[in-house]
Amino acid sequence: MLQLNRDTLVEAFTLMKTIRDFEDRVHTEFATGAIPGFVHLYAGEEASAVGVCLNLNDSDYIASTHRGHGHCIAKGCDVDGMMKEIYGRRDGLCGGKGGSMHIADLAKGMMGANGIVGGGPPLVCGAALSAKTLGTGGVAVAFVGDGGSNQGTTLESYNLAKVWNLPVIFVVEDNGYAETTASAWAVGGSQTKRAEAFGMPGREVDGHDFFDVYEAAQEAVERARAGDGPSLLHVRLGRHYGHFEGDAMAYRAEGEVEALRRDKDCLKAFRTRVTETGLLEPEQLDQIEREVGARIDAAVAGAIGAAAPAAEDLLTDVYASY
Amino acid sequence: MLQLNRDTLVEAFTLMKTIRDFEDRVHTEFATGAIPGFVHLYAGEEASAVGVCLNLNDSDYIASTHRGHGHCIAKGCDVDGMMKEIYGRRDGLCGGKGGSMHIADLAKGMMGANGIVGGGPPLVCGAALSAKTLGTGGVAVAFVGDGGSNQGTTLESYNLAKVWNLPVIFVVEDNGYAETTASAWAVGGSQTKRAEAFGMPGREVDGHDFFDVYEAAQEAVERARAGDGPSLLHVRLGRHYGHFEGDAMAYRAEGEVEALRRDKDCLKAFRTRVTETGLLEPEQLDQIEREVGARIDAAVAGAIGAAAPAAEDLLTDVYASY
Amino acid sequence: MSKKSYRQAINEALAQEMRRDPTVIVMGEDNVGGMGAPGEDDAWGGVLGVTKGLMPEFGRARVLDTPITESAFIGAAAGAAATGLRPVAELMFVDFMGVCFDQIYNQAGKFRYMFGGQGTTPLVIRTMYGAGFRAASQHSQCLYPVFTHIPGLKVVIPSSPYEAKGLMIQSIRDDDPVIFFEHKVMYDDEEEVPDEPYTIPFGEANLTREGGDVTVVAIGRMVQFANQVADKLEKDGIGCTVIDPRTTSPLDTDSILESVAETGRLVVVDEASPRCNMATDISALVSQEAFSALKAPIRMVTPPHTPVPFAPELEDLYIPGPDQIEAAVRAVAGYRA
Amino acid sequence: MSKKSYRQAINEALAQEMRRDPTVIVMGEDNVGGMGAPGEDDAWGGVLGVTKGLMPEFGRARVLDTPITESAFIGAAAGAAATGLRPVAELMFVDFMGVCFDQIYNQAGKFRYMFGGQGTTPLVIRTMYGAGFRAASQHSQCLYPVFTHIPGLKVVIPSSPYEAKGLMIQSIRDDDPVIFFEHKVMYDDEEEVPDEPYTIPFGEANLTREGGDVTVVAIGRMVQFANQVADKLEKDGIGCTVIDPRTTSPLDTDSILESVAETGRLVVVDEASPRCNMATDISALVSQEAFSALKAPIRMVTPPHTPVPFAPELEDLYIPGPDQIEAAVRAVAGYRA
């Protein structure tokens, strides 16, 4: 097992639990009709975002997907600002103009969720090029789904990152489905072989196991920081909710989600691991859970009570100057 | 050695020589200023087009690239019509509206040269889908350059052809350069590993050896016709001229082209092979060469003497009806 | 004849054409749904259910799900159209054109011209457009002006269920590449739609209201709003002719010019971004061809030159609505030189 | 001050900005040339030589060659622009936008709005456009109307070497994504161009000729033709004001409207395909905002709604030329209601 200090473990648990509660609450709130638009929840996949992002610092960048809340939280975005954004409030992280699919916080190195499948990989090549050119020592991570792994923009980026020898990590989060379509059907060949076929290391990772993700990401990040170029992680995990809120999930097996929640929950696995090995006390974790719960309650209350954008906001922020 | 009958060998030599003479003449004629626009010559790569296309029939389709003359001739396009097209004449294969980069002959299964690098691979997936859906027994071939092998459209097509189990053959013609950029630099990983990473067989082929190409293509075509899906050939070869006419080739090594012409000429190799093994007589080949030369002379003379399109042609053929 | 939704009308058109012609196939992401998955087959029938039921009737060989790979499968549809099939491919949101536009405008749209009149490309691309779904700036665009700009493409924008069915059948039978725009907030709109197949020809506008004072040309969903305004203003004594061009390429310029010749006053309503859009296209046409008939400035009603915002309050401000149309009509009706 | 070609002017602008600001980088296919190849370094300097000499001065870390992978490297340029660099990326021919448009209009062009005003995206995309090179239908398009349509993008179309240098320097210093259109048949055009760096602001049109009878707005290469016609007609007593908008987004609407207020007659010359193009955009603007000043129909001079043909005879017919402009100007000048 990795030698992680207690602070890191506490941070990991706090972040994972924050994502879980955030998503569970968005799920409930969405059902009330209070949240507009498309919302794609990350619940069940927390170990991936957190296992990767705990290896990063503020000079590192990530680009996310339509399923971006978890990545945002793991990269340090403010949950109050995020919740307000999802509600379309003026004080949201993007002034209410972006919504769930476009949350970004450039100051935290979060280059944006993305409504375009495969939109992020080219962008992180650019962030990595900036890091390399400016000598910041930073790395850049593209999260992409199993579905997004078939998009030409993603595949091109593998090659560009290799050819330019960029400090990039491609994290393919394979939750088994792209909308309703099984990755087992839609992904010809294999993710790790694809990585190798473009000349970079590829590694399969158990996305329900924070420690496995953390360690694999650490290796990839170190490699990138050392100037040894890109690599790819194929993270297998499962989503607790539908593709988006409102999806009846008819395409999933009966009992599939229940089994996932029961047997593959990254939070449960983490708790077992750290308490059994005596690294953290159960009470400590309970305490974190209570704090996180309160924080999310506050975020929702804050979002509900917050003001909508003003009419004049419609016309601002199109250009820096025009 | 493959068991090819004499007729096929005669056809192979005739086609390869036709391409060579066609291109050598276009090179000379271009220098006179008579030919407008961009022209990319295929000389030196003949064994690839011919080795592949001799495995095809009229119900099979190919899609080509900007360097399309060789593929057109190998797939049976009329050389007079081609030459006229390159000169922009009304009787050209495309009425003078397409030019060198857009020669097509749908009746011959030639879906077009293409001015867009990576334009063809998606299209052949469609031709293969037609063949499969309509039960024609046909297959479809995408020719793509080493440079085009990095384009997302190409990479996506590998996956789609695999996932849909289409009768497609991807022929990556690696002439070492994309414009001036070496494939050794621009292609991360390897072509054959890429094929395998998408779940299809990939095979390296000596593109200066007609027999090697023919045999590899035969295997791939048989596989496709049998319903066993796509495969990829990585054909290594060299081009005798610049990227396009007018290219001074400063990026190539001194003596590189000379060595290619001297040691790697597919026509010379073919002649040696078939005459040494007694399959064809030198005189037969000489005779073919004379005939081909006359044919190309006639094509050029015909093109020079042919009429330009008429003014009203500008507005026709935009739509089938409007 | 029975009440059908816009969604049902399109679905019925697809099903009837697939029955009539075995070369018609349908493809797109999750157009069936559940491909390779353990649960139900036909699990989605498209993200908003438009293709539901086609696979059970026609099988997976004619209703194909695809990986997320728009260049490859839209290009495949183009290639299939050039080689014997009549594919109806779904580009889920028109906003996604940016990852596959080449196959549409440089390939499918130019085949016939580049190849000197060889062959046909009977390709239909179905795609969702428009704001109002709180789907934010990458899922709410119109973008039909971009397709209208391209020679070789036809652009169809049905404004109601009846229009949708007839125009879809025409699109499938048409021998050129057609981009068929479905407004995502209209899928549940209902009206009487014939049960049997019928076609609506391209390039023939529909006059949904007739009046002598002002010509209002409206595109897609905007036709509804224009009709509302026309009905309201009729009571105030302002007669509007509302023209739904149905197709922006080809465009029925005659109907527009004839109407303006009568009314002398024009309002164009376009949900697309305001620069180089259909409002400018039609305004320019009229200012060149019917100048002498014009009695008032042309007024364009469009959203502002901004991406589509997420917050409902902003999005509602963004979308051109009946109030703005009414104001524009009143302004041109009341204009005296 | 010395005579410089359009090519040299752009090259000089790039070099001077790279000297001034170490965050400016240049990238594109064969922008250096010979990458990984055995022969000369800086073998091409771009397909038509515009970036030649930059690599020897600034090194391969700042002048990057790329694989043929426009989505990835144009997207990388966008991502780099959002994270501290000022990239100038070359999309060799604008016709290739179809394989990478998403990164331009859904990513770079919308960052600032989607993100509620966070950050800037100082990205320049240099690209070649236009007909006349006998390059056929996939290498001859204009397509700037498509970019002009998109909120969040700026569109710059220099009409001469002087314009090219000043507008390029402005583009690099600008904090928004800029698409910089270079006409491929103008690279050898020469005129006096200052040696020192200078900027030309966006959204400020240039009046290249002044005359009281007709306003001619022309885009890009068409400005030359418009000037020729203005000079010729001046001798016949028809005075033209020729307006080069320089940037179509932002567009200097004031200059156009002021001129039309004086002349009352407008011709718009646009090399782009005629539907939803800049000719329609400017005509519509004027017919809405300056109607009462108009004394004649607006005339648009554009190519026909066809792809660009290959044969020189056809291509020459395709491109709007001085004769058509002259005829249009004479027609509006001679128009009496």
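In this document, chain identifiers A, B, C and D correspond to the written order of the chains, with residue numbering beginning at 1 in each.
Please note the rule applied: contacts are C-beta pairs under 8 Å (C-beta built on N, C-alpha and C of every residue); 3 or more make two chains touch, one makes a residue touch a chain.
Nothing here was measured: the structure is a model prediction, and the numbers come from that model.
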With chain centres set to the mean of the C-alpha atoms, which chain is at the far end from chain D?
-> A
Whole-Å distance, C-alpha centre of chain C to that of chain D, is 30
Please work out the Cα centroid separation of chain A and chain C, and write it as a whole number of Å.
-> 36
Round to the nearest whole Å and give the separation of the Cα centres of chain A and chain D.
-> 40
Multi-partner residues in chain D (2 or more other chains touched) are 67, 69, 71-72, 95-96, 98-99, 102-103, 106, 113-114, 136-138, 151-152, 305-307, 309
Touching at least 2 other chains, the residues of chain B are 94, 96-98, 102, 114-116, 150-153, 156, 159, 163, 185-187, 318
In graph terms, with chains as vertices and touches as edges, which category applies: line, ring, star, complete, or other?
-> complete
Listed in rising order, the residues of chain C that touch chain A in the complex are 29-30, 33-40, 43-44, 47, 65, 67-72, 95-96, 98-99, 133-139, 304-307, 309-314, 317-318
Residue positions on chain B within touch of chain A in the complex are 150-153, 155-156, 158-159, 162-163, 185-190, 193-194, 196-200
Taking the complex as given, what residues does chain B use to touch chain C?
-> 61, 63, 92-98, 102, 104-107, 111-112, 114-116, 119, 121-127, 129-131, 133-134, 136, 140, 152-153, 156-157, 159-160, 163-164, 316-322
Flag every residue of chain D that touches chain A in the complex, lowest number first.
-> 23, 25, 61-62, 64, 66-67, 69, 71-85, 87, 102-103, 106-107, 111-120, 151-152, 154, 174-176, 203, 250
As the complex stands, chain A meets chain C at residues 36-38, 88-90, 94, 96-99, 101-102, 114-118, 147-148, 150-153, 177-187, 249-254, 256, 308-309, 311, 313-315, 318
